[in-house]
Amino acid sequence: MNKIRLFLGSDFIYRFRQDRAAQGSFTLFVLFVLFAFAAPLISPFDPYDRLQIDLMDSELPPLWQGENADARFLLGTDAQGRDMLSTILYGTRISLIIGFCAVGLQIFLGVSIGLISGYVGGRIDSFFMRLADIQLSLSTLMIAIIASAVFKASFGSEIYGDMAILVLVLVIGIAEWPQYARTVRASVLAERSKEYVDAARVIGLPRWRIMFRHVLPNTLSPILVISTVQIANAIISEAALSFLGLGMPVNKPSLGSLISSGFEFIFSGSWWITVIPSLVLVVLILSINLLGDWLRDVLNPRLYKD
Amino acid sequence: MSDTDGLLKIDKLHKRFRLSSDGWFGAKGQVVNAINDVSLEITKGESFCLVGESGCGKSTLARTVMGLETTSAGSIHYMGERIDNMSDAARLPYRQRMQMIFQNPYASLNPRMTISQTLEEPLRFHRPDLSDTQVRDKVVEVMESVGNNTSWLSRFPHEFSGGQRQRISIARALMVDPEFVVADEPISALDVSIQAQVLNVMMDARDHRDLTYLFITHDLSVVEHFGTRVAVMYLGVVCELAETKTLFASPRHPYTQLLLSAIPKMDGSEMTHDRMHGEVPSAMNLPTGCVFHGRCPHAKDVCKTDIPTLRQVAGRQVACHFAEDTG
Amino acid sequence: MALLEIKNLEVQFPLGRKTLQAIHGLSFDLDKGERLGIVGESGAGKSVAAFSILKLIARPGRISGGEVIFDGQDLALLSQEEMRHIRGNRISMIFQDPMMTLNPVLTVGTQMTECLKAHRDISDSDAKRIAIDKLAEVKIPSPQERFGNYPHQLSGGMRQRVVIAIALLTDPAVIIADEPTTALDVTIQAEIMGLMLDLCRDHGVALMLITHDLAVVSQVTQKICVLYAGRLAEQGPTRTLIAAPKHPYTRGLVKALPQQNVPGTRLYQIPGSMPTLDDVPPGCAFNPRCSFADDRCRREVPEPRQIGTHLVACHHAETVAAA
């Protein structure tokens, strides 16, 4: 309890209370997460259940769009007759799951590699950092496109459809580890030369213990800051891949594949199939980025000092 | 000095740093000679001071003694046992007997650990046999002995001032009951009114715990107060080595004389500005002969060619060709 | 009239939910050619005082009261544009780190001539001649050559000499030096301090030396202001302030110096440490560390009062002086 009270009284919380943009984006983000993960409970239909889909309901406009609208479908339906609201909720859930898991994988890979590189140094460091250079010189999307195309070709669309989430997490996770590795390595190098690390060495503590107990906890705030950007990036990457047809299959749409699936109908007047999920995606990314900007300002040691 | 009372023996120590990354694509770099052929012996119960300006190798020497740096040549013995080439495991018992106090109190405590975590760690690591109560009792005992309030224990380092942190650092070093403590400029980052407090804590610990100090500093006025013997270092070599009283009464090496004259006097006199003494050469390309000849008022031709070795003159050791004439 | 007069200066730093008062009603003055030392621990407000004189105080800090009168002009009323004619021209500043003044990508010569031409209407060749003269004046060997050097080609002591030469370029009336030798080696420190002393004497420049080192100040200045927690503790002529301090804090500072103690014995020490600005105790800020403190000290902030040649902010100054 004491810790909670301390946290609530901290500067961090104070600055949060002072900042409208931070509060707004935080609220928005929390709402997204809540609604997305509660999708099976709150959405009016289950878009994965073929029995609830009727092709006769296809391409119905949102409620406020004239006579054709159906009271059951608040945001209209897509080309297959799925309720847009439900599909978007489920889609956001998939996008967020992929975003979080991919970033989790990035953090795991990047932090381990960065920590080892920075603390051990020498050839191991050179090897990983050159690898990171090479990987960063190829764009994430390119790597992801190649990887998912190869996967699709070798296992077929059927299996791919079932494993899509896992594949996307792996592809996006592996493609972006250098961001973390570099950041962590830089802070490890800065921390390693500080005297508290020397003090731990003088005590005789083993290397791994110094690394995990002393150095790692002091490199966490930059990790937190880039994580927001990385989650946003991962969601965008997933959306882009799905839009290109290499991501989530149409029967299990993420935000990206929804946007993509509605794209062919945009000129036939059914704009909502593309535009509504696009808006959701934009607002989601915006809220994450705003939150990240604020975090960066607050945790910036130069501003935080004194 | 007989072998029996020698605690730490440094013999012909050299330390070179290569200024390059040792990776696969790193550029070849220059070599810095941080320590050149330094031999010292510290006896039990001494407060041995090592004085010199930045870049003279005094901190490197301290770090080498503590095993934070490797040696390039030469040896370090502790109680007759060679410690500089020991494996980490073999060195472990010596980690308990030798401890270190660092310069920067703002960097020497882990910001994410509470004071009690910081203090308990060395003891729990070296003495896993102790119970929680025993560890906690020890923490309280040490904290009180350095004048710290035990209510600090649950707090984090950022809540403390520089002097308080330095006293916590000292407490951490004392947790494992060391015999020998290396203090690397422990007061130079502190405010004036705090320096005296920290020096007093260190002197009390010496008296109560029978400590031997290797005290690194650039401030000669502290040496006169704290040290029993002094070695003056310049560009990686020892210029003069003497009892504190002897050195302050009659410095023989021209560099020691220059250092002594730089201590501000508090007798109401104004600062005298005599000649320029030149700049300290870079340790990357050391001058030939005596390292001090470029700034030395007594330098002759021989100083530019021959390296003077430490020799006994007037009750102390001096590395100067003209030590007889400089008194 | 004094050349530079600081009257009841107040400086505040709004920080998050609280406002920290960095300087409380600080007053002192500096005569033409006078050398004044401002002494205090880190956080005592000595640098803030210097920066606010030049209106260089970093945001969100602001001068919330008082006057800074230079040569009959209230600097607080001047615009930033008008301030530029004073700063670096009539009042020069020397910082602890020479690289705060020197631009690493320009040669020493370019920086010096640019500075001169910003304040004077003179030709390139004249500017160069003056610059080389000044380099020679700060005892830089072969000034012609150094004129074309970049800062990184110079050693730390040499850089600080160049900074002093730049400070002297426009023949200022006042030089404010903020810990000018702290980053330098001991032997170089003494040389630079001696050099500054000579130059100020020769040119009749007033010097405001900000430092934590009482010993250095005692050898260079004629007058000392001791600051504690943003307030004046004691002010007086250097000689008597060191020999017979009347404020318990000054007294403690002087007595704690190793030079003032018998070698090998316990040093005299002031207990505790200076409060941070958000944690200043009521009454006299020094009272928790003071052996003379009584109830009045814990209640009432002592105003500086004249005792002999000193200005002392202590309820018990007479007792302290006698002790």
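Odds and ends about this structure:
Note that the chains are named A, B and C in the order they appear, and that numbering of residues resets to 1 at the start of each chain.
The definition used in the following text is that a contact is a pair of C-beta atoms (placed from the backbone, for glycine too) under 8 Å apart; a residue touches a chain by one contact, two chains touch by 3 or more.
Source: prediction; values computed, not measured.
Across A-B and B-C, it is B-C that has more C-beta pairs touching. At the far end from chain B, in terms of centres built from Cα atoms, lies A.
In terms of their C-alpha centroids, the spacing between chain A and chain B amounts to 51 Å. Chain B and chain C have CA centres that are 32 Å apart. Only residues 41-42, 139, 141, 155, 157-158, 185-191, 193-195, 197-198, 212-216, 218-220, 238-239, 242-243, 249, 252-254, 256-261, 263-264, 266-271, 273-274, 276 of chain C touch chain B when the two sit together in their complex. Interface of chain B with chain C (complex): residues 53-54, 161-164, 191-197, 199-200, 203-204, 218-222, 224-226, 244-245, 258-259, 261-266, 268-274, 276-277, 279-280.
Chain C meets chain A in the complex at residues 15-17. Residue ranges on chain B touching chain A, taken from their complex, read 21-26, 63, 66-68, 88, 91-92, 95-96, 98-100, 102-104, 107-113, 121-122, 125-126, 169, 172, 176. Contact residues of chain A toward chain B in the complex are 121-123, 125-127, 130, 194-196, 198-206, 214, 217-218.
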